[in-house]
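Chain nomenclature is as follows: A, B and C, assigned in order of appearance, with residue numbering initiated at 1 for each chain independently.
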Amino acid sequence: MTDSVKAQAGVRQPAPRMAKPEVHAAAPALGWYTDEVLFGECWERSALCKRDRSLVTVAALITSCYTAQMTGHFGRALTNGVRPAEIAETITHLAFYAGWPCAMSAVAVMQQVFASNGVGLEQVSPTTSKDLPLSRPLTTQQARSVAPALEEFSQRVLEEDLWQRTELAPRDRSLVTIVCLIVQSQTEQLTEQLQRGLANGLTRVEIAETVTHLAFYAGWPRARAALPVLEAVFAQSGLA
Amino acid sequence: MTDSVKAQAGVRQPAPRMAKPEVHAAAPALGWYTDEVLFGECWERSALCKRDRSLVTVAALITSCYTAQMTGHFGRALTNGVRPAEIAETITHLAFYAGWPCAMSAVAVMQQVFASNGVGLEQVSPTTSKDLPLSRPLTTQQARSVAPALEEFSQRVLEEDLWQRTELAPRDRSLVTIVCLIVQSQTEQLTEQLQRGLANGLTRVEIAETVTHLAFYAGWPRARAALPVLEAVFAQSGLA
Amino acid sequence: MTDSVKAQAGVRQPAPRMAKPEVHAAAPALGWYTDEVLFGECWERSALCKRDRSLVTVAALITSCYTAQMTGHFGRALTNGVRPAEIAETITHLAFYAGWPCAMSAVAVMQQVFASNGVGLEQVSPTTSKDLPLSRPLTTQQARSVAPALEEFSQRVLEEDLWQRTELAPRDRSLVTIVCLIVQSQTEQLTEQLQRGLANGLTRVEIAETVTHLAFYAGWPRARAALPVLEAVFAQSGLA
């Protein structure tokens, strides 16, 4: 730690140890940043509640298919108040946004975490129909697309079915979609989803804090790449 | 399922179960989307044959290094008519486009799948020379590059060697390269490879359906990001 | 191998076998490219020393969270002269740039590699303070940001602490940051880090060769996407 940082050091007690002892042994600085900065500061900031931070973290891990970290963070999400059905629905939602392979890998970890936390599968309500949504004739707008089938799936399956499901609130659905786009650095599509998120009840402070949280979980560059998009959308929404 | 979707529901039999029982138990909606939409609809669309869908899926998994899903999809690829040598060559091709680590991880899974499917390694023809392609003096164009060695490798190893190998048809080589670029969201380089793909015999319908298929395997945002590029290339080729 | 390549074939002895026997058995061409081109040519080029190539490779693997390849390349890095403390610090540095999950996965592999190579953990100096760097009042510039907390973390933790740590030379810190940005295709942020890298002592030749090396480890498209940025930065620096 440099002098300029030491000069800022205060009287606070050391943060509780969050990083595993092996991390502290093999990479002490990483252990220290984990305890003091990531958990000691970032997770404690009130701009985003811990339940939301867990949802953001879980969505980031699913999007990147980082299965090794899912066990710990799925468990922490339960502790922080994310309901089992919400975790299952986040995985289902991200099947469409991060891709099927990520969702399938995440379900396997989720089951183990539920089992070891005594979460019965009856808590994941089987709210699904056995009716098959038949594909429909294309609308004019879809037909003009270069990939009309993709547009038809988007409208019928994502918009009119997935986004309407009640297992995850629209605000949370927007939150995990925004996380997915930031992790994938899909800055162009982020504009539309930020607008939708604001309409669904996310606040400007929550969105900015989500980006800050993601700096730690998806890396500084991906977080920074999102900032100009936030700025433009907030300005457009009269929130800047 | 919402009313608007229920209204579309028809008399068809439920699709066969494709998702594992655990997925149906822990995330019923995800199981349902997997059976009814991904396999019941998307895989059944005739715009791209199942052999090609398997090749596209395999290429997407290799590009993302999603080893957990490779076992199932390498096996399905064999069933759908992708030849063992084509799988090995797709991995070899993507070593250059997705990077060596992905290829090395994929080879390990491929070997296990071949073994458990009774595929002898004599089916992977050892068409490789022991001669070393010596590096060459740079051409004028390469020398002007900021990274002339990269350009020399591109020309000598990729263009004049890899792309000329007969284990994978040029059309299939273009297909897996296009998949790789869409999964990586390399939209700028996609233009050139789409033009090459059309020249190599891919049709506009097959390319658009590849993007639709990839929406499920790489996520909606990556598929959507490719659409403007398709549109521009098709328009330029007089195919729009 | 095509005739045009065969025509170039020379009298050199075949390169030593680097790819595993299983790779040679199941995907002979991939084995051949690995031995002859990747290790026989690329790694032997003098434009970047092997120690730096190892650092670049390790940084690429950490950024992509490719744990399967880390064992081999962490061991090779030790052989090539990267010090244990430098590996630990590269992981710590990339916790911030590639994200915490990648760093945590990498630490676990690093420990195993250190243990099996007889590297004692006393070689990873515990240069970390127990003092907590308190967050500070925002500067005017940070306060204008859409995510002021992110800017405050950037300045206080990354710039004034992480980048000042002596476990990794500024030049190496720049190198692994540049690798991370190329692997993530964050071309916009690459400009600033290339300028910083040149200021920290990286040469134009080393940077261009890093991109060439990354073509093999992160794929041709990600390497190619970086070239226009190199060109612009080198031109601006009067180095073109």
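The rule is simple: a residue touches a chain if its C-beta (ideal position, glycine included) is under 8 Å from a C-beta of that chain, and two chains touch if they have at least 3 such contacts.
Since this is a predicted model, take the numbers as computed values, not measurements.
Fitting chain B to chain C on Cα positions gives a rotation angle of 120°, stated in steps of 5.
Comparing the residue numbers each copy contributes, chain A and chain B share less than half of them at their mutual interface. Averaging Cα coordinates per chain places chain A and chain B 27 Å apart. In chain A, the residues that reach two or more other chains under the touch definition are 185.
Across the complex, chain C meets chain A through its residues 65, 67, 88-89, 91-92, 94-105, 107-108, 110-111, 114, 121, 124-136, 145-150, 153-154, 156-158, 160-162, 164-165, 167, 180-181, 184-186, 188-189. Contacts from chain C toward chain B in the complex involve residues 1-2, 4-6, 8-10, 12, 14-15, 22-23, 25-34, 36-38, 40-42, 45, 47, 60-61, 64, 66, 68-69, 185, 208-209, 211-212, 215-225, 227, 230-231, 234, 240.
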